[in-house]
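Read through the structures below before going on.
Two complexes follow with chain A in common, the first pairing it with chain B and the second with chain C.
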Partner chain A sequence: MAVASTDTAPMKPLRGPGFPIALTALAGLVLGYIAGNALGNGWLGALVGAAIGAAFAWAAAGPLADNRTAGRWAAIALIGVFLLLLGGVGGLVAGLLIGAVLSWIAYWLASGAYRKGVPAYATPGQVLWHNTFLFICGFIFFFLIAPIVVVIPLSFNAEDFFTFTPEMLALDPEGYSLKHYRDFFTSSDWQQAMWNSLKIAPVATILSVALGTLAAIGLSQSHVPFRRAIMAILISPMIVPLIISAAGMYFFYSRVGLQGTYWGIVLAHAALGIPFVIITVTATLVGFDRSLTRASANLGADPVTTFFRVQMPLILPGVISGGLFAFITSFDEVVVVLFVGSAGQKTLPWQMFIGLREQISPTILAVATILVTISILLLATLEILRRRSERLRGMSPG
Partner chain B sequence: MKLTKFLMASSALTLTAGLAVAQEATESPVAGEEMANEITIVSWGGAYQESQLKAYVEPYLAMNPDVSVTWDESSGEAVAGLRAQNEANNLTWDLVDVTAADAMRLCDEGLAMEIDIDEIAAPAPDGTSAADDFTEEMLVSDCFIPQIAYSYTFGYRNDVAEWNGNTPDDICDVFDLETFPGQRALEQRPHNNMEWALICDGVAMEDVYDVLETEEGQERAFAVLDRIKDQTVWWTAGADTPQLLADGEVVFGSTYNGRLFSAIVEQDQPIEMMWDTQSYDLDGWIIPAGLDEPTLNRVKDFLWFATDTQRLADQAKYISYGPARQSSAPLVGQHAELGVDMAPHMPTNPDNANNAFVQNYEWWADYRDDLDAKFQAWLAQ
Partner chain C sequence: MTDTPLGPDQISGATPDNALRNADRAAAKDGPHDGPMLAADGTPLRRSLNRALRRQKLRALALVAPLLLFILITFVAPIADMLFRSVENQIVGETLPRTVAALDDWTFADGEPPDEAAYDALYSDMFLAAEAKTHTRLGGRLNYETTGISSLFRQAGRGVADIGEAQIEAIEDSSEAWDDSAFWAGLMLTGDEAAADTDLLADARARARIISGEPLAMPDETWPSAAAAAALPRTAVAYTEFALYTWSVDEDPPAEEDPWEAVWLSLALDLAANPDAPSAFSGAQAEALSAAQAALPPGTADFSFRDAFLEMDEDWGSLDVWGTIKAFGGPYTSGYFLSAADYSLNPEGVSAMPEDEQIYRTLFVRTLVMSLTITLSCILLGYPVAWLLANLPLRTANVLMILVLLPFWTSLLVRTSAWKVLLQQQGVINDILVWLGIVSDGGRLILINNATGTIIAMTHILLPFMILPLYSVMKTIPPSYLRAAKSLGATDWTAFWRVYFPQSVPGIGAGSILVFILAIGYYITPEIVGGTKGVFISNRIAYHISTSLNWGLAAALGSILLVLVLALYWLYDRIVGIDNVKLGG
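Moving on, here comes the complex of A and B:
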């Protein structure tokens, strides 16, 4: 970039207009094939799409090269109206999206912006690899997110099946409904399951955090014997396949009378949550300056006061993020609870599991949407805390 | 085919008898003894469990306000579940809904309690003993308390353009990809699939199990299934096929007839029923062996009510399964919410039952492990 910035002239593509035209036409072919299939004729759609793509690339390189905003809006409007005539409201939405994507590709290629991320001296091979890499990352991201995103519109389905109905695709309000959300909030089974989850997860989290934090602090002292062995045992619930822990817990808890009880599930979930707390707290303890505890003791504080007034505030972000992981573990867990719980303690994931197996109902999707929202909020909290801790550490003198 | 005769006879009654007066429940033999107030009932979930809830669990709870029922939707794993509970010496189920074949296995292993049906179930309103009312054909095991007769049958989409207006009406149409192209849904287990394949291959219904016992017979069945293997989605839960059909993922699929009834009549999906060579099976209760006395009394008190003539007839208002008692048939009327006559949707209705097949659960109890392994190996090929 240093080389490029000395040169204030706009970057020019290194190749002739054929290259962006061919590639945009290819993108148009793929998008046109998809849209064509939805309308009934895939290959005709592909052909039309390729032609439109080539036209866009030509326009972006020539007549409309300096007028990017106008060019892109014209493209979006053009394809939007075109598909509106062919496919109704659903076609309009698809058309606007396709227009946005295709015109972006056309300008991206025609203006040479694809070289932006690489130094000016990069060979064509390096430029190609750089962009391929970005596309691969994009695809991985897409495949991770798409299954979750697809669930959200389906949860507003007016029918009792996991199906995008023609009404939904045409964006007809008739095709959408909140009935699955209503079902979740009025069905006693689902409400009972939610209450069970809400009764189990916080208590399991408190237990995991208390025990996990103490274990992490203890294990970070250099004088403790067999530290590594003890650490490995405490972390084992994370490594041993869940079904094995679950079957073991079932038979052990049955003997001692904990199977099918509230405290049985809480203890089982606490055991699953402790490794997360140990790992995150151990990680924050690495950055913790031991001389602070000695200084505190020197000033007359006993170990308990030192812990709560000096050590705890500094490792708090690790404790909280470990606690959040422990909470999500308990809240999402289905295998252990199927073994250790009894029918009276059905948690949300258990109820969803039953729903999927015995009666496929979009209520599950409504619940999934609610849970995804909660998870996003929790993870966002986690990220904010992490940043805060980094900022604090950056400011601390040691 | 004694069972078929029974089923036909009872449904013929349905059509002729018309409306009858709702029958009052009688007092159970254990009334007045000490009873537990919490019971855990294991069932199948979905529309079927809903029908049990509406027809006899809610009315029973209304009469006994102190009692609370916990549902466990684990009937699919009833055998494994009871084995594990027995192993861990920790019985948590009080009453379990199972298929006839599972009832036989549980009875053989001593995990289900042997019962005398006349002590568990009330006599019919006209005084016929429970044993005669259920008939021998239904009482397939000493532990089994029958509730319903259901069937495995096929549903197909009625809007498939490639079928050129043809509608399937023969079991062979399932295996005919020329006339009826498109994906199929079949259960991921050998039972029914093997029988259907052989019947399509020209084996008479009464000879199916004799042929299926031999290596060549099994080869024959697999050869027929091979025709559609790469066009088949294999289902494991009763809800799968209605979902796949509604979604258009498959155009033809087998499942329990009650699930198809729900998709067609209650959910109004573009699906039709094909009754040809529907395969009958039974479902009912077993009491796990080893319940303590108060719990056992409560379970007996509940069963006396839940299996009486009126209650079994009531269940048929919510789901299109045939009640197991002969005396219930005349009391079956219309769907509780939709007001649709239930008789034409019953697997036992003469129009539907004229080419029905009765699954031989005793045969399957003997050959299941062997054929399961062969079937899974065939699937993996």
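Moving on, here comes the complex of A and C:
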């Protein structure tokens, strides 16, 4: 705060270079301490880092102020080579990263870009708060995404550890291997589990999409008696805790002989997926222009033709995204399957659950990476569908 | 219907319903018209519109019906079944029907075990149960209430055949005829329906059917003989049960099977009680019966089942055992719910569990407190992010939204395993902290297998459910309001707290209830990262279903949780409306 209060000039480099130099040096100190720790002497690293940071800030404010690209590449190369000499390949990568970060900070501070998000009349306190806020948000995004990202490199671990080995940190190729993936693709347990999942999820999805779409169309009509109550019942599988659904289904399905059967799981998963289909399809139908069906009927189409030729193509994005939700619900579901399924129907999540609870094996991380890839693909599909549907309805370019 | 104002389910425009409403309004204003207004085909307009409306409603219902039926059968029925299980208690009355009836007049407050009649009934019930091997299940059930009953029942099941050994041997030795299974059948059964005791058969069938779970029948064209039933009432009942069971379950004709020990003993008791019994029969049957009667050891007339049971195990004289049978003898019980609330239903009535055994209340409180903590952490972390997303240009916001949606779409188990990897003592977070010198190698933080682990992992898992509703509410708050407040002299904080925040409260409400509902029912994540201190009530339910097999208690705990969730669901519906649940932005 005290440092920031010297700054009053809007959107232009500071009067003196003291402020960016001090802060960049501080960032250099932290990064230098981390790098120094890895190399054996944290405080020496901190000292060197602070000096480099100060030098960068001075350069960014003075000689290289107008040549940002060159300045940044120079900084990246400099620290990269410096750490390559000290720490090998791992050092190079770390150096390139540190160089990029430090030079970005230097230019960000020196050019006054940190004031970009606030109005010109903002007080230093407001500027500080704005940037702190962005930093907090960045931290939360990091919290959201980091756990998922961390799993990916760990799945290539050559050892059976759940943490980074020194070889991995040094980027030594010896430290990496595909053995956990090999495990996954050769182990009959995992393969069986994957096939079971692939056999159950699509059928459950088809069931919930077919019934759910029909019901969503019914629910979006103008006169539906007991609409609220029906909706509450149809959404309830999403709300009722899974353990209760699982317990109920276990008791009830054993009574009627569905417990431990393929169809028992499919029915259970279809029921769990239905709320997602209902929610997405109803949301799509809200934007559906009802006069189109009247026009179609007016032109001589019967209701079935109208549905498949006019209504369906327009609500298709909603139906597909509902289907994706239903698919992932079934593909991801473990509690109900644990109770309703029998040993022969172990699904992928079930196998992972056992792996996590009992015999911890890093194969799980390989499976997790594969699943993350699948979810990225699903998410991309969904995003494309959303844009398409918005374009079709002329809502926004997105 | 026609004069209600426009409700939320109705739409404006030219619909039959609205036309009716308008017609009503017009009629109210101008008074009734002369003669009905007619539709194009000549029917009164009112009727024609009503018909159209009815048809529309039916069509909508027909579209919804298949799914509604599907959900009712695959989802609602199982839950109803579970609710039923939490009070259902047929097993005691079904396995020991005569004992429960004999205990009708006995109460625990009497201070002494029941009289001979109860032990007598227990013998008959236990014999049949031991044959059908249902006594162990019952023992297991009653063992939840009073420990030790399980082994007592197991032992009784083995020992019940040895009761009255002296009498049985005496009859066996009295005449060759008793070794002949066909002789027994001839004595007790009849081929003539007119001479049969059908009431006896029906009673025995009802009892044996419940116990063995399948309908039982006598061999073709045989009935228990009414004459035998009159002279030897006990024996007739015991033999009929034996015959039914042997024929239907073991699939052997009773005429080729040795009768159960219970039949022999009953015969001994009948003969001792009724000295004239042999005279009701004739020929070889009368002879054999007389011989048996003569051979009975002294004291048979005063045979005491009570002594026999006490000899087997003196716990059969224990008040607690009989009190438990009596307390749980009814077809329905509140016992499971009482256990779930840390009370116990014991022979003296209802009493609270000792302080240190009140696990369920602790667990419910812990579940609620932790869910609340998780909800608060989600608000704390979700609010800034949602604000940022709502105030950035759409294109940037869409890119950043992917960072929120990716965890949302990633498998729950992947996220849980990621946290397991991160939080372990030898895991990534501890390694980094040690490496940075923040904690020493010996002082690694314990972040997993406790409440901390559960809260961190579940906050991460549920955060998207908070951000998405918050975002969709914040999107609708015009940024100009904040600027207006500031231009009127409000400080940043006042503008936010007095203008922006109140408008974002619906988003907080929607997100919080959703997160809270999802959190209190969580099972997988607490199971994996929660250890013993970080588990929820769900984990206890799962334990009772799969490990302790106390399904009734599991169902009772589940019912309490369900009521809690449904209350919140109702609240959510009132505040947000279930139609407004948003998925994926």
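Note that the second predicted complex is superposed on the first by the 365 of 398 C-alpha atoms of A that agree within 3 Å, B and C clash if a C-alpha of one lies under 4 Å from a C-alpha of the other, contacts with A are read in each partner's own complex, and residues count from 1 in each chain.
Criterion: a contact is a pair of C-beta atoms (placed from the backbone, for glycine too) under 8 Å apart; a residue touches a chain by one contact, two chains touch by 3 or more.
Bear in mind the structure is a predicted one, so any value in this text is a computation, not a measurement.
*Asks:* First (chain B), second (chain C), both or neither: which does A:172 touch?
*Replies:* After superposition on chain A, A:172 lies in contact with neither partner.
*Asks:* In the superposed model, which partner reaches more residues of chain A, chain B or chain C?
*Replies:* Higher number of touched chain A residues: C.
*Asks:* Looking at the overlay, does A:342 come into contact with chain B only (first), chain C only (second), both, or neither?
*Replies:* First partner only, chain B.
*Asks:* Tell me which partner A:183 touches in the superposition: chain B (first), chain C (second), both or neither.
*Replies:* Once the two structures are laid over each other on A, A:183 reaches no partner at all.
*Asks:* Taking the superposition as given, does A:159 touch the first partner, chain B, the second, chain C, both, or neither?
*Replies:* A:159 contacts chain B only, not chain C.
*Asks:* Looking at A:260 after the superposition, I want to know if it touches chain B, chain C, both of them or none. Which is it: first, second, both, neither?
*Replies:* first
*Asks:* Enumerate the residues of chain A that count as touching chain B in its complex and touching chain C in the other.
*Replies:* In chain A, positions 161-163, 250-251, 255, 356-357 sit in both the chain B and chain C interfaces.
*Asks:* Which chain A residues qualify as touching chain B in the complex?
*Replies:* 159-163, 250-251, 254-255, 259-260, 342-344, 354-360
*Asks:* How about chain C: which of its residues touch chain A in the complex?
*Replies:* 9-11, 15, 17, 53, 56-57, 59-64, 66-68, 70-72, 74-82, 85, 381, 384-385, 388, 394-395, 398, 400, 402-407, 409-422, 424, 426-428, 431, 435-437, 460, 463-464, 492, 517, 520-524, 527-528, 538, 541-542, 545-546, 551, 554-555, 558, 561-562, 565-566, 569, 572-573, 578-579, 581-584
*Asks:* Where on chain A does chain C make contact in their complex?
*Replies:* 33-34, 37-38, 42, 126, 129, 133-134, 136-137, 140-141, 143-145, 147-148, 150-151, 154, 161-164, 211-212, 214-215, 217-219, 221-225, 227-228, 230-237, 239-253, 255, 267-268, 270-271, 274, 276, 279-280, 282-283, 321, 325, 328, 331-332, 334-335, 339, 349, 352-353, 356-357, 364-365, 368, 371-372, 375-376, 378-379, 382-383, 386, 396, 398
*Asks:* Applying the document's contact rule, which stretches of chain B touch chain A when the two form their complex?
*Replies:* Touching chain A from chain B are residues 40, 42, 44-47, 49, 70-74, 76, 84, 87-90, 92, 237-240, 242-243, 246-248, 267, 269.
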